[in-house]
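What follows is a set of structures to go through.
Here come two complexes built around chain A, the first alongside chain B, the second alongside chain C.
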Partner chain A sequence: MRSSPKRDIKFRLARRFDYESRSAALFILPVMSVLAIVAVFPILYSFYTSFFNLKLTRPHRVPFVWFDNYIKVLSDELFWASVSRTVSFTVMSVAAILVLSLSIAILLNESFRGRRLLSAIILIPWAIPTVANGLLWKWIYDSGFGALNGLLFQLGIIDSYITWLGDSDKTIPLISNSFVWKEVPLAAILILVTMKSIPEDLYRAAKVDGANVFKRFIHITIPSLKPGFMLVMIYETMMAIRHFDLFFLLTEGGPAEASHVVSWQIYVETFRNLSFGTGSAMSYILALVTFALAYFIIRTLGSKL
Partner chain B sequence: MARILFDNVTKYYGAVKAVDCLDLDIHDREFLVLLGPSGCGKTTTLNMIAGLEDLSEGDIYFDDQVVNFMPPHKRDVAMVFQSYALYPHKNVYDNIGFGLKMRKYDAAETDRLVRDAAERLEISHLLQRRPSQLSGGQRQRVALGRAMVRQPSVFLMDEPLSNLDAALRISMRAEIKELHKSMQTTFVYVTHDQAEALTLADRIVVMKDGIVQQIGTPDEIYEHPKNLFVASFLGNPPINLLEGSIVVKENKTLFRKGDFTINFSAEVSEKIAQYAGHEVILGIRPEDVDEKNAAVFGQGIAGLVDTVLPMGSEQYLSMHIEGSEVFFRVGKELRHRDGDEVNLAVNINRLHVFDKRSTLNLIWA
Partner chain C sequence: MKPTTFDARSEIYRNKSQTTARLRNLSIFVFSILLLAYVLGPIAWLLSSSFQTEAEIVSVPPHWIPDEPTLKNFEAIFFSEFEEVTYDTRKKADPVSGGYIPSTAKDLLPSMWNSFLVSIAVVMLNLFVGVPAAYAMAKIRFWGRDGTIYTILTTRVIPDIALVVPFFLVIKNLGLLDHIASLIVTYLAVTVPFTVFILVSFFESLPDELDKAARVDGCSRLQTLNKVFLPLSLPSLVAVMLFAFLTSWNEFLLALMFTQTIASQTLPIIVAGFTSDFTISFSFINAAGVIAVIPPVVLAVMFERYIVSGLTAGAVKG
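So, the complex of A and B:
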């Protein structure tokens, strides 16, 4: 006897979504609906906006312009200049974060007196709110009463106070420095956790095999750290590419356009020029690039490291 | 050539004595097994031979040279770890060849040695695989290959078979024994598995709480255990122990526990008559009873069988003697059932008597 098609479908649905998955769906529904409102909808809406010439200076005329916003952004020299600043900021920040966090992880992996205290101290920058961090560094870099000038002057390294953030060659490295300071603790902890999970027997075996400290580091520690390294690299690259707070707090893109990075330009375009269409288009370009970059890192470095 | 000598070696971890005044002479080309429960100091002892642990007191000699401060790679030892400790990011070939590479062997020589070792262990077809792609038994072979490829003068093994399933463990035991024969080097093997120790060892060192309990051939250890711990650690099912006392009556020395008595043989009586009145523990190995010749020995254990445990080739009988549970092993020809009455003859030449207080074997100590 053949069952009716209707019953058949019901049966198949019931089999695919058993009682457990159905009740699970019920439980995650509240969170999913909140996410849909505060995340999914804005993402889709800004994508929609990026195809309109939406300017709040003339809110009543919003023509559909196809890919014009994207073309406009991509043919804008200012945009490409800010891309190159974002790239240099990201490269120097991520490189510094990787080197410093690896060094700190190696240090904290050793047992010595005061290790716990030091671990706690190292975590402090991570616990400081971003705005507080920005104001802190603004004060340190201040040309009149900043701590950096005071320190270097008292040590006799500089003869007169320097306007640190006013020097367009120094702006990106200095902001990167503040960014690294805040990001290193988390990265170090992630790498330390990976390091702690390396079985001690591997080191013992390598000792018996005749590998010295350096060889053991190269042949065991480094390859075993790959997952932690990848995580830190992808996460910090994404953080650096999209970073906005410090540029806003320290320099507002200046002096002139020295720290005019993509995230800053998106802000200026959207909230100062009130041009939501091009702002959205720019955001989408940045998101796509970030996504592509993460994919590239996982694909190429992931297999080589 | 490698003779290893422990001269009064002690190892502390903080306040804990992991190894206590160890004196041990490991002969050249010997297969020595360190046997004991976990935490007895056997792995620490092995690590001290490898140079992976420092000594707190005493000296270790390789032949005539003190090696207390010699780093592992200069000791010409190879080690197989319980976890195998294969380098997860290297393939089998590089795992086996890593020690050679570190010792700067040239590429052609390395290649020849690695392939030789792989062939001997029948893993030639796995050389390009990563450890994660191998089964437990294959990983075990790679670990062995990594150790043997350098042809070390001392081969150290830390519970190498404990992660394998039972059938594989037995076949690997035979292979390790074969390996020892063909390599002609000193093997030091750590295990908590008495069956492994008995099958593999030339000599066994039984340890407990960092102290050596007995050193001897497998036969000596099994037949003449020096104390209660050694007797009960070896044997499966374990030796039956009955608390009682020694009584001398009408020129005969006998063991008594309540109504249960057993006469000792003339030879044994001579040795233990002096302990008359002492509280002792009598040890009877499960296999030291005979059902068919009960009449011949005349020293019987008669009683009811609580449970029969058939084991295929034999059967175990669970019984009670004066309130103590005991197990005996008998042939399977006589098919017993729960509740049967049996009369078992005890082989009185193979009894063990331990002093209750010192736990020393009064016959063999």
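So, the complex of A and C:
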């Protein structure tokens, strides 16, 4: 049989294209099926539950309630109190992380003896389990025998041992401190990596133009760090807003309600009050806010910084 | 007379630059010490308290370095199987603080084994599932490519705490409750987006010509991935494996929800169980903490350069 060369090429092209799509689909199939079962389905399902008055204390009557759960949550004073705690926790944590990680990155960007060892050592807090982080700081903050009281007492800063986590004014800052301690290493590495990618030529050109160290830092380093800064800011904001483990490990929401943040509120609502509907609604509000915040940071700060 | 000669001026400059250099070295030194104290101080205190006896740990002000270091706490962890009442002797010796070792002390090693199994499985599955996907997204142009990447990343924006209930239902319907498979599956979903993200950025940074050349030479897609791309991506693969391992080793919330007995409980759960029990001695809790901390810290310090290089590929481009 005679085959026209034109058709032949077309045929082969079609087959080639088919092969490409086929292999792409095959390569992506495993990851997509895993995520479909253990991520996408749960996400959609919890959206679905947020419209029902689902309480495990009353499992046989599950009425569809439209937006009632959302309205209930949003008109709850306790919820807004927990929102303000989450906001203050997030703001103080992210600010501290940015300042500390920038200073650490500046230090590690210099060349000196022991730099490699130092940059390996600073990863330790990042690597340890949150549980260990929790028990470590719980023990440090311990008002009876903890290291913080001991240290301050020996240095003569305080006259007698004081309550730390048990004092509702200090709870959030102290938890934030242990959160920051764990998060700073990764943030510092991210900023350092960005810093290292700044071309050396820029500094040389600026030097030739007569800019001193300080000016070079303001006009070259800071603007060039934008991508790294943005990444750290978005990532750490997301981590801080949703953070749960340390609140569970250090205070369990206490004393009284001093560390009732949104994530803790969700936990209590879902697993102690067994009210899955409102729990899911709260979760969705938290997720949407996280989305919106990430978007806001990218749009506004992204263009200004 | 003004020092206008060349020598005099260079003398001034030399002195000035020497002072600057000294100042620089001094400030580097001071900052390094401060940083070390900040990072290692809490760890050192944990380590020191884990070697203290029941009587010493409750001293006021604290003993920074134990007067009479003891291995009793670690013994209680490693040899608890052989002793029925582990701390009987110490309890008698020190009735005031009631040196008490929980009966769950014997669960620590099995839970560590569980953690290890889960983490290794998650790492393997991450590679198996994540590498082909990342390669396809980086080098094959197909319909819905961007959508796929965004979908994968978006799954991580939803807070874990929001997903616990639906996760729980899925796990229950799969019949995996109190089985380490429940953790493997959920940790895979938690870690794989990051794996894909890092590897996509890395594969994208490799030239397309590599891909084309291999294809022209008659490699199939799978062969191109195996023979050309995988050997080049070792640093990123190590970084990705390390992240997956550490995340699985450290994860707390999901394990808290899905595991009930020592058949599936991981190390963080057992350790957290100690911290909420006020009768347990602090020195023992700290020893358990030390045990939990050692493996991830060793890994992180050993593979530090891979973490940095792995993040370089992914992060800088944002």
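Note that the second predicted complex is superposed on the first by the 287 of 305 C-alpha atoms of A that agree within 3 Å, B and C clash if a C-alpha of one lies under 4 Å from a C-alpha of the other, contacts with A are read in each partner's own complex, and residues count from 1 in each chain.
The rule is short, and it goes like this: contacts are C-beta pairs under 8 Å (C-beta built on N, C-alpha and C of every residue); 3 or more make two chains touch, one makes a residue touch a chain.
Treat the numbers as computed from the prediction; the structure is a model and nothing was measured.
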{"item": "Chain C versus chain B, contacts on chain A by residue", "value": "C"}
{"item": "Touched partner set for A:Ser119, first chain B, second chain C, both or neither", "value": "second"}
{"item": "Partner chain(s) touched by A:Asp209 [first = chain B, second = chain C, both, neither]", "value": "first"}
{"item": "First (chain B), second (chain C), both or neither touched by A:Ser82", "value": "neither"}
{"item": "First (chain B), second (chain C), both or neither touched by A:Ile128", "value": "second"}
{"item": "Chain B versus chain C as contact partner of A:Leu136, first or second or both or neither", "value": "second"}
{"item": "First (chain B), second (chain C), both or neither touched by A:Ala24", "value": "second"}
{"item": "Touched partner set for A:Asn53, first chain B, second chain C, both or neither", "value": "neither"}
{"item": "A:Ser224 touches, of chain B and chain C: first, second, both or neither?", "value": "first"}
{"item": "Partner chain(s) touched by A:Asp201 [first = chain B, second = chain C, both, neither]", "value": "first"}
{"item": "Common interface residues of chain A - those touching chain B in one complex and chain C in the other", "value": "none"}
{"item": "Partner chain C, residues of chain A touching it in the complex", "value": "19-21, 23-28, 30-32, 34-35, 37-43, 45-46, 49, 103-104, 107, 110, 112, 114, 118-132, 134-140, 142, 144-147, 149-150, 153-154, 161, 181, 185, 189-190, 192-194, 196-197, 227-228, 230-231, 238, 241-242, 244-245, 248-249, 252, 263, 266-267, 270, 276, 279-280, 283-284, 286-287, 290-291, 294"}
{"item": "List of chain A residues in touch with chain B within their complex", "value": "199, 201-202, 204-211, 215, 219-220, 223-224, 226"}
{"item": "Parts of chain B lying in touch with chain A, wherever the complex brings them together", "value": "47, 50-52, 71-73, 77-79, 81-83, 85, 87-90, 98-99, 102-103, 146"}
{"item": "Complex contacts: residues of chain C adjacent to chain A", "value": "24-25, 28, 31-32, 35-36, 38-40, 42-43, 45-46, 49, 57-62, 128-130, 132-133, 135-137, 140-143, 145, 148, 151-152, 155, 157-167, 169-170, 185-186, 188-189, 192-193, 196, 220-222, 246, 249-250, 252-253, 267-268, 271-272, 274-276, 282, 285-286, 289, 292-293, 296-297, 299-301, 304, 307-308, 311-312, 315-318"}
